[in-house]
Structures are given as structure tokens and as C-alpha cells.
Amino acid sequence: MPLSMNRDVFITCAVTGSGGTQDMSPHVPRSPEQIANAAIDAAKAGAAIVHCHVRDPETGKPSRDAALYREVTDIIRAADTDVILNLTAGMGGDLMFDGTEAMHLMSPKSDMAGAAERVQHVLDCRPEICTLDCGTMNFAEADYVMVNTPGMLRDMAARMVASGVRIEIEAFDTGHLWFAKQLVTEGIIPAPVLVQLCMGVPWGAPDDLNTFLAMVNNVPPDWHWSAFALGRNEMPYVAASVLAGGNVRVGLEDNLYLSKGVLATNAQLVEKAASIIENMGARVIGPDAVRDRLHLTKRAPL
Amino acid sequence: MPLSMNRDVFITCAVTGSGGTQDMSPHVPRSPEQIANAAIDAAKAGAAIVHCHVRDPETGKPSRDAALYREVTDIIRAADTDVILNLTAGMGGDLMFDGTEAMHLMSPKSDMAGAAERVQHVLDCRPEICTLDCGTMNFAEADYVMVNTPGMLRDMAARMVASGVRIEIEAFDTGHLWFAKQLVTEGIIPAPVLVQLCMGVPWGAPDDLNTFLAMVNNVPPDWHWSAFALGRNEMPYVAASVLAGGNVRVGLEDNLYLSKGVLATNAQLVEKAASIIENMGARVIGPDAVRDRLHLTKRAPL
Amino acid sequence: MPLSMNRDVFITCAVTGSGGTQDMSPHVPRSPEQIANAAIDAAKAGAAIVHCHVRDPETGKPSRDAALYREVTDIIRAADTDVILNLTAGMGGDLMFDGTEAMHLMSPKSDMAGAAERVQHVLDCRPEICTLDCGTMNFAEADYVMVNTPGMLRDMAARMVASGVRIEIEAFDTGHLWFAKQLVTEGIIPAPVLVQLCMGVPWGAPDDLNTFLAMVNNVPPDWHWSAFALGRNEMPYVAASVLAGGNVRVGLEDNLYLSKGVLATNAQLVEKAASIIENMGARVIGPDAVRDRLHLTKRAPL
Amino acid sequence: MPLSMNRDVFITCAVTGSGGTQDMSPHVPRSPEQIANAAIDAAKAGAAIVHCHVRDPETGKPSRDAALYREVTDIIRAADTDVILNLTAGMGGDLMFDGTEAMHLMSPKSDMAGAAERVQHVLDCRPEICTLDCGTMNFAEADYVMVNTPGMLRDMAARMVASGVRIEIEAFDTGHLWFAKQLVTEGIIPAPVLVQLCMGVPWGAPDDLNTFLAMVNNVPPDWHWSAFALGRNEMPYVAASVLAGGNVRVGLEDNLYLSKGVLATNAQLVEKAASIIENMGARVIGPDAVRDRLHLTKRAPL
């Protein structure tokens, strides 16, 4: 019952997301080269893991183009700076409706892909880690649903595991964490298990401490975990996660600002997180220590 | 900080659900008359509120037929036993997929209705309360999603409020509760607010006490609330909810058994809940006390 | 994360305390024979364990007279009804002051005994269990302190363990539970460890659910535990403890009333607790099942 | 339910305690002048409040000498740097025993003073704040008890309030916080109420997050509060307290090290705390803002 904080903390930097943050900061990387360079800079600043989406280099819109993932992967793999690559597999479950009456139709704005398609870039690029958004939920948009059915999650997870890539389970609410445990119980996701608690994403779990601790109390003791929150709660959650025994995630996917009115780079966010961690008396660990902990193998893309 | 349990508790009986429980117990009512009679028996046993779905009288399958709701309503209204009628508005957001590859298509097994259609029976029957499932999520089925987008929830809620029916918000996870607060903040749902915490429904919030208390801690102090859990945790949650300051829900929608191997009637479940409540030193209150608390007006159907 | 309630629950009945409850109910037993008979009746009603203090048969005042403990023990041991005897060792640490100025003097009203004297009746009577109040704290009285220094607790615990009696640690606040873990860490208290969470005793831990769950979350998973609260929260805590995974304690030491204005007997309180437990779907277990769980050996007094 | 962290945080620096820390670091101030200077340096580094004990200038032992308090007060009041003075009133309730047998005797090592004597320096020095240790408990020493009976606390609190000094309630466990609420309910302590949650002091409340949040959840919403933990958890608790909505306390009373093996000054600890607070996106506020919040009046000593 003495405070069981994490004293050896790894930082994940989520360098660019799938939302429309491009227009809000010039520091959000867009092209594969920009994304890879942002990742490498984040690694230099202390991130052991870089979590990457890709974007259409022309428009900045989120993309699922396998060639873009491959380009990002190749540049990061070729860099002098060692870092663990974590590719999103969260794209392709984007269901849109046109208002609230024509509910029997998917809006053409939807992007709904099958399991094979959703993991293809993972099988190709062989990152050390890829994400699995462990449930279906609303987001802030009025007519949008992020769709990941139980069947889809079992299917995607099995493909990821078969490909030798470690899964980072993303839990956006307590029910997602519950289903993650189900996937482990069913033998689909093997140990060591890694989960990211995604706090304060509307309309998933809010980021108040009571909810956060309830989730942390439900993470099995032998799992590895990290947590993050959005916007101005990104840095507070660096502290919250370390205090509760977890690792941390920062980056422009989750928050654009270094301080009120001051736009950040990914590397600056990592540096600030590292400063909080070290001032709390913990140590920031690098990619090899994380590989050891999560049993990761760095492999060349296929 | 002394225990702030609820000492004046109302019981909701959920007499028949939308799941396939019909085949598992002969006591699950099917026809409008059976449903209404089960509701009246539950009221006689101590339920202040009866929560009703309707079923196809031939097949037992869940139905959205307005005539069936109307029949249930009419019988309950005409009964000598006073009870508050709570009609579900949870039907019509049932999205199915055919496996995990053809994700760009809704399965024909889906039942996806627009907002107007989803609330029509509420406007017709004018129950004192109707439910609003406050989010989108997976359930135990592999290829199913319960769809209630933020836009849909705003739309349905506004129609319910305009019709003079009190909303019972159903929160299946912490994010649903958060969005419920958003609906109140936006002025769409007026005070007094009523929320049902639906615990242990896979894959929503699990029913461990840490998660439950985190949700309870997030219910605003001026809201009214109730909670339930499924299966063999139904009776334990009668105690849990009262202890945490809430009201209770039991019934065959959530649990079929009185004890291991013994099938229950709705009235028996209400009696057992009442026994727990009274043994804990609290009082079971009736429909008029609840009307007073929730500002309900009993009105004839249109 | 599904609710991890206790489904095989033992009941301890605390038949008579050390406080001045004698004057408030004719059902509080006073003489050794009355105490033993109350204990036996409680056992018949379902208590696996009876927790006993003794009182001066003339005055009803709490007593530490070894002969009285022996008489209670002999009658209970000789009875046809099997039950586990738990004797208090909480007496003899009662420090009183005369007001708030003469703090350098112990009031003659104090009853402060050394370690050897405090455990003598335990060594003589060889109950299967005896209590250890695991800290020093204020109670409701203005000028009273219950004194159990760390040194005293180590000393008493070692003597109890050496005598072959199982310790029931009584934790009245979170710090007492912390020190209990220290005693286990130091090897003074051996496994299987048993702790009683004493909730809502002023001015120890209040009995709100947040505090209770924080304590429960800090009970090591391999310990056995029980909890109780005072007065009208006695029955609610039967439910609370079972829900949280623990066992229960009721009895006239903690609460005099069966319901508002109705004085209870010990047996009636046990029956009511058993009813709550069984209505929640759990089972009440008897002395042999508890002996098996706590590794108790029933021995004759010396 | 979004994170309700404190974004305008005040820092208290506890510059020197009553324990034997003098021998362990040359930076722990001893003479009144050293203590006052340490306090002023802490204020320059960002502390809005300085919490002071006094020590025998010759031996370094904790002292209750009114002249020493007065000297500290005079120097701090005369300094160019503005700061809120908080004097301890925790001394004089130190009860010692000689082992575990002679419990009917106070050891001559005890320092047990009456209420009038314990607050005399507060009445003389008229600091803006003084502390009130809100309960009786064990500490790490085997034969020691910190004694503050309910009667003593009512008496001391009434004297403090009558003298115009604001009380900082020190709660070392959940029961202390409960009694603090009782003092407020009884009208003895007026609004605005200030409480310090003292976490991880053996054998009070441990500093795990579940216990901490249970205490925070029990602080009334209109109270002001701060929290600290000892040793290497001092800096983590800066983050914990801010996250949970509170203010922070650091200083050599609680922790001697800046980092592993590196002895700190009070000012360095304040600077480090300020860095954590600001990196989390909060602001450190100064004495005038605190005066405004706590309704403090700076007065000259009598």
C-alpha cells in the first residue's frame, strides 16, 4: 500500500493522428518523410516507442495506403536512432451516417474495411507493435461510430499475433478493457500483454481520477500498461500514469500545445514528459529495455 | 463520510427484454397481455416502476410494433394496481454484420430505424418514463453493434422531452454517463434527471465494485439513479445500489433465476429485492412517492 | 472485473462488547453463563464464530478477569453446538485523561496493562481465535485513547502466535491495516492471515463506500477478511462486505436494534444477516469450513 | 468528470520538522535565524506558505520554547520577502512508554502539555496559520504515541480560532479527516476550512492512490486542501495532489533528498515542485492570492 508508482517509465510518442489536426498546427507531420522524421526526433528526445498513422501527403487527410506506411517504416528503420515502431491498425472502422433518419444506410463518407485489409500494412511492415482499438463507440462527431465488433477484434488480433507483431490494446472505456481480458482468456492475445488506457476521449471513459483508478485497478498485475489524456490534460496524465504504475504517451495526435497558446513539436512534448517523469524521481527507459520487457523482436519489413 | 445509503428505495421491474430469453424460461412474458400482467404482478409485489419491451406474440422475438406497445400500455393503465410505466426506446439501433470481411454492408439482419420511428410509440403511449440508451457499443454477439450516435441521442431525447415523457438514461459504460451529462449541459434533458447504471453487460462496464463506485462518484448529486447487474449478480446489485445511494432494478429482462436452478417470476424477483432492501433497514417506496421525486405526470395515451 | 463477491460467507457474532451497552438493552448478556448462552444461540442461528468479551456479573462493566473468560470458554466448549470461540484481547489499553490540562498524568480511570497481562486469558483459555486491535486511536469519548503501540502489538502478537491461537487483526483505520501488513512482513503473524475491517467507529475509518473499498483494495489477496459497521449500518455492511469479497460480523457489541425501535437478540441479528447473505445468492458456512480455511485447531483450555 | 486538477496551486514549505533529521543533512535549519532564513529562501523559490517548527539551537532537538518561535516569527515578518507563516502546534502531545510491560506509567521521555501551553506560542506570535494534528496515532517508533484526544482538539481549536489564527487541520488517516468534519459541524472550526492530507506517515494512512483518493473524495467541496508524502514520494505527491485538485507541501521536514543520494535545500525542493506544477500546466500562486482564498490577515506578533 505504499505508493506503487512506476520508476522505470517508457514514453510513446504518437506523432500524428487520424483527426483533422493538420490544419491546426504546422508541426503536425504529413508526408511519410515528415512523419518518420518527427518520429526520429521524438526518439532522440526520449521516446522509446513511436506510434504512427499515415496521411495523404497532398491533402493531409488520414490514409490507409500501405505504401505510405511502408515509406514511414523504411525511413525509421534506416535511421541511426533506434526506436520501437508502433503502427496504428485503427483505420477502416469508420462508420458515418447522414443525419438521424436514414439510419439503414451507411453514409458514403464511411470507411469500412474488412479484417484482412485492416491489418495488411501490419503484415507488410512488421512493426514491433501495432494497435488494436478494443471496442465500438461514439466520438465527438454527431454522426460517426468507430466500429470494432467482437468478431472483428478476434479476427484482427489473431492475424496480428500470427504475424509476430505485439499488440497494443487500446481501451477507451472500461468495457474495452474487459473485452481485452476476454481476448487474453480466449488465448488470442498472448503474454506479455500491453494495454493503452485512452482517457478523456469523448465519448469514452472520462479522465477524472476515480474513473482512471477504477481502470487501473482492473489491469491485471502481470500486464504492461500506459495511459494518456487529450489536450491540456496530456501532461497531467504523464504524472497520473506514472503515479498509478504505468507508462506514458504524449504527442501531437493527442495534444497540439506545449503551453497555453504555444504550439508544440513532438520532440518538445517528449522532452516535457521526460522532465516531469524525472522530477518525480523516475527514470525514462529506452527501446532496448522496452523490448526486453515486452519481448519484442525488431525485424525488417517483408 | 458516514455511509450514505438510500433509505427510501424504488424498485423497477424489467419484465421482459429484447434478448432471446423467451426460450430459456416459461415465465418470460410474450404477448401484450402477458407482459402487462407480469407488470401488474410486479407492481403488486412492490415495484414502483415497470420497464417494458414488447415481443411478437407468435414468435417471441423482440418487436417494435406500436400496436403491441399500445396494448401493453392500455392494459396497465386500466389495471386497479397503480404503477409507473417505463417503455423502452432502445429498439431500432441494431446493426449486424455478416462476418468480418463485408464490413461495408449492413447485414439484412440489422434493424436500423430513424429517430422519428424509434420514438413513435413513446409519443403515442405517453408512458411516464422511457429509456434512452446513451451510447454505441458492442455486446456479447460477435457481429452486432448497438448504435446510438450522439446526433441520434440528441434528436431522440429532444422528441421525448417535447412529448412530456421523463427520460431514463441508460448508461452502459462510463462514457455513456459522460455523454448524459453533456445532454444535460446542452439543455436537452431537463431536471430532475434519472439515470440507470447498467453494470456487467458485455462489453460495457464490468460490475466489479471499483468500476461501479467510479460511476456512482460521477453521478451528479442532484440526479436520481438506479443500478442493476445481470444474471446471478442481479440480487447482489440490489444491495450494491442501495449501499451506494441508488435505487434498484430487477426482472426477467436481466436474470431468469430465483436461485441456482430455480426459474423465477418477475414478482418473485421483486419480492426478493424488497426483502434485501428491508433487511438492510431501508424502505421500499411506491409509485406516488416516485412521481413526486421525479416530477412525473400520469397521462392517458393519445 | 466481474463482481468478485464472496459466495461462501462466515458470520461472526460479537455477542457483548466492552462499551456501556448493557444499560440500553436487556438482551446484552452480562454473566459468563449469559454470554456463553448468547454465543450458543448465535451459533445455532448460523454464526460460525462467536467473539466474546466478559463483564462484571454484578455491575455489567467490562472486565478483564481471567476467571470470567474461563467460565465463558468452558460453557461454550461443553455445549452440544459447535462454534469457533474468538476472545477479545482488546482490553487493558484504555488510557483516560482528566480534561485537557493535566495531560502529564494518566487519569485513575485508565486501565493500562502490560503485554503479558493482556494476553494471559488467551493463553489460559486457548480459544481458536483472539483479536489484536492493530493501532492507537481516539474514540467518541472526549478524554479517552485506545493505546496499542507498535511495540505492544509486536509483543502481544508474538505471544498469541506462540500459544497456537489464530489472530484476528482488527483494523479501525487504513494505518492499522498498513501496520498489520508490517507484522506479517516481519514474520510475526503467520499465514493464513485474518483481518476484521472495523468501519464507522468514531474516530477511525468512516464507513462510506469509498473508504471501505480503499481498505478492501489494500487487503492482500491471500488474506481472509471480514468487515462490520455500527448501529443502523450493521445490516448494510453485511451486504457491503459480501459484495466486496469478505465475511461478516454482527452482534450486540456493534448494534442493539433489529429495526428502528425494536431491540434485537444476538441470534436475531445472525438470522437477519444470514437472510441477506442467502438472498444475495451466497451460502453461510459453518465452523468446520472456517477451521479448514483458517487452519484452526480446536483445543481444550489448559 | 473531466479531470478536475488544481490549476492555481500554492506551495507550503515545511522547512524543519520535529524528528531527528538534523543529523542526516546539514541543510536542515536549526537556530531561529537559520529556520527563518530557510523559510525566506523557500518563499523566494515559490512557496506561498512556510510551515515552521523550532529546535534547540544547541542540540538540534525539537523544542516548544516560545522565545524560539518568537524569534523565527520576528525575522520572517521583518524580511523583504512576503510569505505566509504557518507555525506548528503539534508539539506537546508526545507520550512515551518504557517497553511493553510498565504501561501504567508515562515514560519520563514523554512531553505531554496541556491545551493552554500547547497553543501559547500561537497566541503570542499570531502567525496567519497554525496546524492542528487531528487525532491520536502510532508512529514508526515502537513505544511512542502522538496524543490528541477529541477533547484536546476541541479545546486547542477553540483557542486558535479565538486568537484569529487560521487552522490547518492535519489529517494523518481517514478517521482524522472524519473528526475534522465533526469540528466543523460543531462550529468550532469556521470556514474557509483548510486541511493537509499527510500521506504515508507510518502508521497513518498509506500513500497508495486508492487510499489517497478515498480521502480526497471525502474532503468537502468547499474546503481548501493540500497533501504531501514522505521521502522519495514527496515529489510524486506534488503531482498527485495537483491532479486530485489540491495544493502541495514539500520541505526538509518530510524529505531530505533532491534525488537519490543528493541532499536538498528547502529552496531546491520548492523549485522542483514548482517545475512539476508548471510542466503539468498549472500556475504557482503567491501569498496574496492564498490570503484571499483562505481569508488570512497578516498581523504583527503581540
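In this document, chain identifiers A, B, C and D correspond to the written order of the chains, with residue numbering beginning at 1 in each.
Throughout what follows, a residue touches a chain if its C-beta (ideal position, glycine included) is under 8 Å from a C-beta of that chain, and two chains touch if they have at least 3 such contacts.
Remember, it's a predicted structure, so these values are computed and weren't measured experimentally.
Among the remaining chains, B is positioned farthest from chain D, on the basis of C-alpha centroids.
Two chain pairs, A-B and B-D, are compared here, and A-B has more C-beta pairs in contact (counted per touch definition above).
Rounded to whole angstrom units, the spacing between the C-alpha centres of chain B and chain C is 42. Once the centre of each chain is set as its mean CA position, chain A and chain B turn out to be 35 Å apart. Between the CA-based centres of chain B and chain D the separation comes to 50 Å, rounded to the whole angstrom.
Of all residues in chain D, those touching 2 or more other chains are 1, 174, 178, 206, 208, 210-211, 213, 217-218, listed in ascending order. Residues 1, 174, 177-178, 181, 217-218 of chain C are the ones that touch chain A when the two sit in their complex.
Those residues of chain D that touch chain A in the shared complex are 1-5, 200, 206-211, 213, 216-217, 229, 232-233, 235-240, 242-244, 259-260, 272, 275-276, 279-281. By the touch criterion stated above, chain C contacts chain D in their complex at residues 92-93, 97, 99-106, 110, 112-116, 135-138, 140-145, 147-152, 154-156, 172-176, 178-179, 182, 202-206, 208, 210-211, 213-215, 217-218.
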